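Should a chain be cited, it is by its letter among A, B, C, D and E, assigned in written order, with residues numbered from 1 in that chain.
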Amino acid sequence: MHNEWLYIGVFLIVAGFIPVAALVLAWVLGPKKPNPIKQSTYECGIETVGESWVQFKAQYYVFALVFLIFDVETVFLFPWAVTLDKLPLFVVTEGIVFIGILVAGLLYVWRKGLLEWV
Amino acid sequence: MIPLSWYLVLSALLFSIGLFGVLARRNAVAILLGIELMLNAVNINLASFWRYGNPAQMGGQVFAIVVFAVAAAEVAVGLALIISIYRRRKTVLAEEIDLMKW
Amino acid sequence: MDASQIIFGLTALLIIFSALRVVTTRNMVHAALWLIVTLLGVTVLYALLQANFLAVVQVVVYVGAIAILFIFAIMLTRREMRDGGPQLNKGWPLAALISLAVFGGLLALLYNAPVSERLAASLEGQDTLGALGQALVSPDAYVLPFEVASVLLLAALIGAVYVALNKKQESDK
Amino acid sequence: MNFWTDPVNVAAEWLKDVFIGWGMTDPYATALVYLLGAFLLVALVMLLDVFLVWVERKVVARFQDRIGPNRVGPFGLIQPFADIIKLIIKEDITPAGADKVVYNLAPVLSLASVLLLWAILPLSALVYGVDLNVAVLYLVAAGALGTLAVIMAGWSSNNKYALLGAFRTVAQMISFEIPMVVVLLIPTILTGSMSLKTIVERQDIWYVVLTPLGFVIFLISAIAELGRAPFDLNEAESEIVAGFHIEYSGMKFGLFYAGELLHAFTFGGFMAVLFFGGYRFFGLEQIHPLVAVLILMVKALLGYWVIMWIKYTVPRIRIDHMLALNWKFLTPLAFALLVVTAVMHRLLGGTQPWVYALGLFLSNVVLLLAALEILRASARRQRRQEEAVLSAVAETAGH
Amino acid sequence: MATETLIWLIPLPPVLAFFLIVLFANKNKALSHTLGVGAAGLSWLASMVVFVRALSVEHLGEHPFHASVNWLPTGETWFKIGVLIDPLGAATLFFVAWTIFMIFLYSVGYHNFGQPKGDHDRPGLPPHGATVTDAHGHKHTIPSVEPMYSRFFAFLGLFAFGMYTLVVSDNLLTLFVGWEIMGLCSYLLIGFWYGKPSARNAAIKAFMTTRVGDVFMLLGIVFLYSVTGTLSFREIFTNEELMHALGTTATPVLGLSAAGLIGLLLFIGTVGKSAQWPLHVWLPDAMEGPTPVSAMIHAATMVSAGVYAVIRMFPLLSLDPATMSIVAFIGAFTALFAATIAVAQNDIKRVLAYSTISQLGYMIAALGIGAYVAAAFHLITHAFFKALLFLGSGSVIHGMEHGVLHTGNHHVDPQDMFNMGGLRKKMPITFWTFLIGGFALAGFPVVTAGFWSKDEILADAFAHGHLAVFITLAVAAFLTAFYTMRQITLTFLGEPRTEEAKHAQETPWTMTVPLIVLSVFAVTYGWVGIPEHFPLLGGLVPNWFHEFVGSTLAEHPEAVPFSPVPLLTSLGVALGGLLLGWLVYRNVKSPAEDKLQLPVLKNKWYFDEAYDFLFVKPAYWIAETLVYKWMDKGVLDGILHFIAHITGVIGAAIRNYIDLRVINETIGDGTANTVKWMGFNLRPVQTGRIQQYMLASFVVLIVVGAVLYYFLVMA
């Protein structure tokens, strides 16, 4: 059987159950007297102006992008790290080449000036 | 125990749903979502063939990992294209992105 | 029906349902969130297949990075939350037909394939993670895809950054 | 195996036998035992969480030269429970236009993503949830769920500030995840395994000695990941009010808050496991499994205390500085450290333990010095440029 | 260094040069060509070393230089890639190395290195010349340097890489990789002056036409792999059981055996690459590229690659007589057909282009009749003299451009032969080398290489009783001699017909040295393959080529017995054609006087028009209706739309939906309406909508998949 994952699955259920239980408890016990002012969007007391779904600058996208690429690359590195001891010395260099290519990407983005917060 | 065919049927179904999304959705981002579904279907296949074939042969898992990398690359570039198009043409609807026509 | 089959069945239902929601729901953020549900369902399948590494990588890469990127892109490409008009294009019946045909075709292939009722061998005592690492970096195996993957990702990074944020194009406008 | 030396597993076996005796098949009995075990662990962790609220308030009071909670119960120990009761009976407000399902799901996911980490934390050699062979990545995966919770909360609140705060938080979290993941590779390399239990067992020399730099990077990125001061930009009140959970109140806010505290403590625990020998402390852990658990808890609390210490002494840094710190310093440094560690580990692998330790330690020191020197040089260059500009301006002004 | 290691290294310098130029040297012209020429030189050196070593090995055919490495794990086994130099490979490597090196060197001069920047030159257009003021204050217009000089050398390097890869590879897959790299490069290089619409169109045409062939070739490779499980030449050809099985397995297509079908599919790839009929249309248009490119594509590398691939796969092809006859037919037909067109062309490069098609047809025909060695021999001699001719024509054009710049009359086409004449005095080196090349092409007896190789093909055809092929080729040879002499007469002999021709100038040494080197080969290379039974000369020099290349095959091909008929024929047609050409064109001064400018030849037998009518137009038409009807609106919407339309036509009386559908379908009102409705809504062919493309491709996938499944699994 898949005991490891069974436990994690069970744990997931429990970990989800506890906060849900807390919320339900609060929902049952708490008063419910909604009114429009109470439900309005909080903006430091000032009237909400315009749509609340504003545009965001593409800078955020770049961070997510760089993160995505690096995330995938580090995922490749984990199996390498695990087997580092069991393979000949030049697999270390393979990993280093891999990291080098990774860092080249970082340098490119850096040089393009996209890591600056503007 | 689960027979291999279960995984394969599920994967085929997921692939077809993803294909439908790719072909039918108007929003370009949604098309990419459909492609993700298709890639996941492929990965299910790879992983299950690894498991039900010879588990000492890691080909299936390695290919699945490569598919992850490909998916990441595809999403990165695809979404960048969509954002770029959106900034110029203010649309993400696939049928309005028809510059290739000319 | 043993326990794993029940788990598989429930997961499959979850995957199919959420995948259908991905391709039909109007709200794009919901579509992305349904995609995450699908992906988590696939994670369960990996866990059932005892592909531990794939299972965690699925969450790390897909949920942690790709889904986030999707949500960012959705936020960046819309002016109002729910866009008007139908979510499906006019050719969707044909698309549905083709998808069904592909599914039918795959089933037909599967029906004739000799693999359908095979059962998994035991993984007892196997260090699959170690084997995976060895396969990835050993020159007798997949070291080339390993290195090429980094080049691919580098190209994707540079390409995406260039496409999404070309400052020159901005100033041209 | 008797109850004295291994209480948890013996109890689990006994329970399982009981269930099977009731006519259950093995898998279901196992699942039920797991359920009970998980429930027990989560309950204890939540209790700990409640206690952490008190710790936090007490400690911050001391830092700020106050007394802190002291009215409810001895030393104010009952204070957190009063807080909880207050949160529970507060009105549950959902802002108009919010996406209800997602809005309610976000705090649950936020806390659950932290709780999930406890499934893999080895509390002692015999008391642990699972010994997953990909545990290190599991840590990252759970963090991904936390990121997701933030973005869900920010998006579903139908509030500009919440969404903006969520975007900032996510940008920060994912940025600092890179050096963290890279640094997580270092214990993996040193151990040759991603299993946390194996990592603890191999730490005859604490990894903080072998890779002090790695520990520092991990600490910094962990704090940023937590969104705590000095990296609490998501809550920079003057700019974006309270960040992604601005619209949350009552118990939902409580869940976010509890999640944050518990996250900090959990990171203290993982810091202990990855760098400070986990539940081991010079053989003391062999006395009894529960002593080992106690050792780990003390180490985790110390780690938590360090995080608090930093939080209450260092001022918040600007977002551009923060991102520059990550992308232009921590990330390259982490990669350099990874390469150096891999090479040194492979080269010195067969030598005497003290040579190995010394070599790794010294390479870390050298790397740090080199990095600082590069920083200093670039700062000098920048200063010279600025001075040149200033003097040029002064000259033109003089004429 | 071990020879195998050296072979591995041969393709690398050019690709390294490509990357270095692209990444670092694209601003520095001198550095770019140093890198490019240096890389070509290194590859040349390595090739020569390998060639010399190959010569010293006894029985190279049985024990070739061969090394392979594991490349792609395919389950439990490996897909291997490697290098192989057998006698055929060595001979090919020899001429490829020489021609590529010469072309690199020539390009330096051709692109006016060392000249000033042009006044109005823009990237993407040929240089227009620069105005300089000399010491006396006179203004001169002199040639200006190519603006995209570095880019040219980068592409050339990549091209060379593709060719070397193709030659040294030991399996079909890497051969195909090199093949496709060359396809890409030819696209880039033909469209090098992308500012010219004609160049753009030619590039696209070349790419698309060769693509047609390549798809079939890929199918052939896949088929071969699925049948044999390997793509290595030696593993397939030395495995007699496998070969036998391939030759006897029947396939559902045309009654061919598996070997025949695979061979045919691979051959279609060659038809595209080597510009054989019916896929020849791209090659003449490819003349839009700079001349070194023409030489590169049309002589040294790409088109040779096609023939080389067929020669490589000859053992497979020869298993099925049906395939062989198809090959022979296409080759012979192309040889004759292209020769007739060449007669009527006025552009100096186009004549050569058609002549190339014709000569390639020769080789293909030779292969079709089983004359393996003769085809390889002609391939090599042709590569030398055709490269020589192309470079010579480039030199002529270059000299003419000089004249054009001098007079400043830009309406004069420097490539039109009727604008030339009398250039032998202005450009002596070019003239003599061109003459040698032309005579070699015409097959001038005894001294030129072309004679020996052509003669061998004719002798083979005659000896094996392929009379039809023999006669066709003989006629083609006659035409070849005729238009060659026409070209030489119009270009070099007589008096200058224009002012520009009077001011033409000899080109710099970087251009003439390659001409001289190549002309040496155009003469001497024939001597290595003189048949032993040839009267007088036979046996003076041993027929080394036959022995050497022939040993590549498992069964050593017999040397054909001597027969006077083919010899006399080839003597007759060569000398007769040359003489006739000189006699006819000696006095022709303008195109109007040229009696052979028949419209049908001038228009290349209307092939472009026919293709337009047969393929392009229907494609547009189908796309318009289908796209609109099926995809743009979608099936359901389309039907609803359709019904709604009818409603308006028939009137308000009939409102019932179902009635309508019945009436519509039974009466057939719909037809008329559809036409009207299509007329209304003629749309651009492509909708540009990615989803519809994908929809279409999936429809095709399903249909083709179903058909294949039915044929291969059910049947």
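Operating definition for what follows: a residue touches a chain if its C-beta (ideal position, glycine included) is under 8 Å from a C-beta of that chain, and two chains touch if they have at least 3 such contacts.
Computed from a predicted model, the values in this text were never measured in an experiment.
Common neighbours of subunit A and subunit B under the contact definition above: C.
Shared contact partners of subunit C and subunit D are A. Graph distance from subunit B to subunit D, where chains that touch are one step apart, equals 2. Using the average of C-alpha coordinates as each chain's centre, E ends up farthest from subunit D. A centroid comparison over C-alpha atoms places E as the chain most distant from subunit C.
Of the two interfaces, A-D and A-C, the higher number of touching C-beta pairs belongs to A-D.
One finds 39 Å separating the Cα centroids of subunit B and subunit E.
For the pair subunit D and subunit E, the distance between C-alpha centroids works out to 64 Å. Once the centre of each chain is set as its mean CA position, subunit C and subunit E turn out to be 43 Å apart. We define each chain's centre as the mean of its Cα atoms; on that basis subunit B and subunit C are separated by 6 Å. The set of subunit C residues touching two or more other chains comprises 2-4, 48, 50, 52-53, 55, 57, 60-61, 64-66, 68-69, 72-73, 75-76, 78, 89, 91-92, 94-95, 98, 102, 129, 132, 134, 136, 141-142, 149, 153, 156-157, 160-161, 164. In subunit E, 73, 691, 695, 698 are the positions where the chain touches two or more neighbouring chains simultaneously.
Counting partner chains per residue, subunit D shows two or more touched chains at residues 27, 31, 132, 134, 137, 163, 167, 170, 174, 177, 194. Contact between chains, per the stated criterion, is found for A-B, A-C, A-D, B-C, B-E, C-D, C-E.
Contact residues on subunit D toward subunit C in their complex (touch as defined above): 27-28, 31, 99, 102, 132-134, 137-138, 140-141, 143-145, 147-148, 151-152, 155, 163, 167, 170, 174, 177, 194. Put simply, subunit A touches subunit B in their complex at residues 58, 61, 65, 68-69, 71-72, 75-76. Listing the residues of subunit B that touch subunit A in their complex gives 65, 68-69, 72-73, 75-76, 79-80, 83, 87. Those residues of subunit A that touch subunit D in the shared complex are 1, 3-4, 6-8, 10-16, 18-20, 22-23, 25-27, 29-34, 36, 38-44, 52-54, 56, 60, 63-64, 66-67, 70-71, 74-75, 77-78, 81-86, 89, 92, 95-96, 99, 102-103, 106, 110, 115-117.
Those residues of subunit D that touch subunit A in the complex are listed here as 26-27, 30-31, 34-35, 37-39, 41-43, 46, 87-97, 104, 107-108, 111-112, 115-116, 118-120, 129-132, 134, 136-137, 157-161, 163-164, 167, 170-171, 174-175, 177-178, 181-182, 185, 188-189, 192-194, 241, 246-247, 250-252, 254-255, 319-320, 323-324, 327-328, 331-332, 335, 338-339, 342-343, 345-346, 349.
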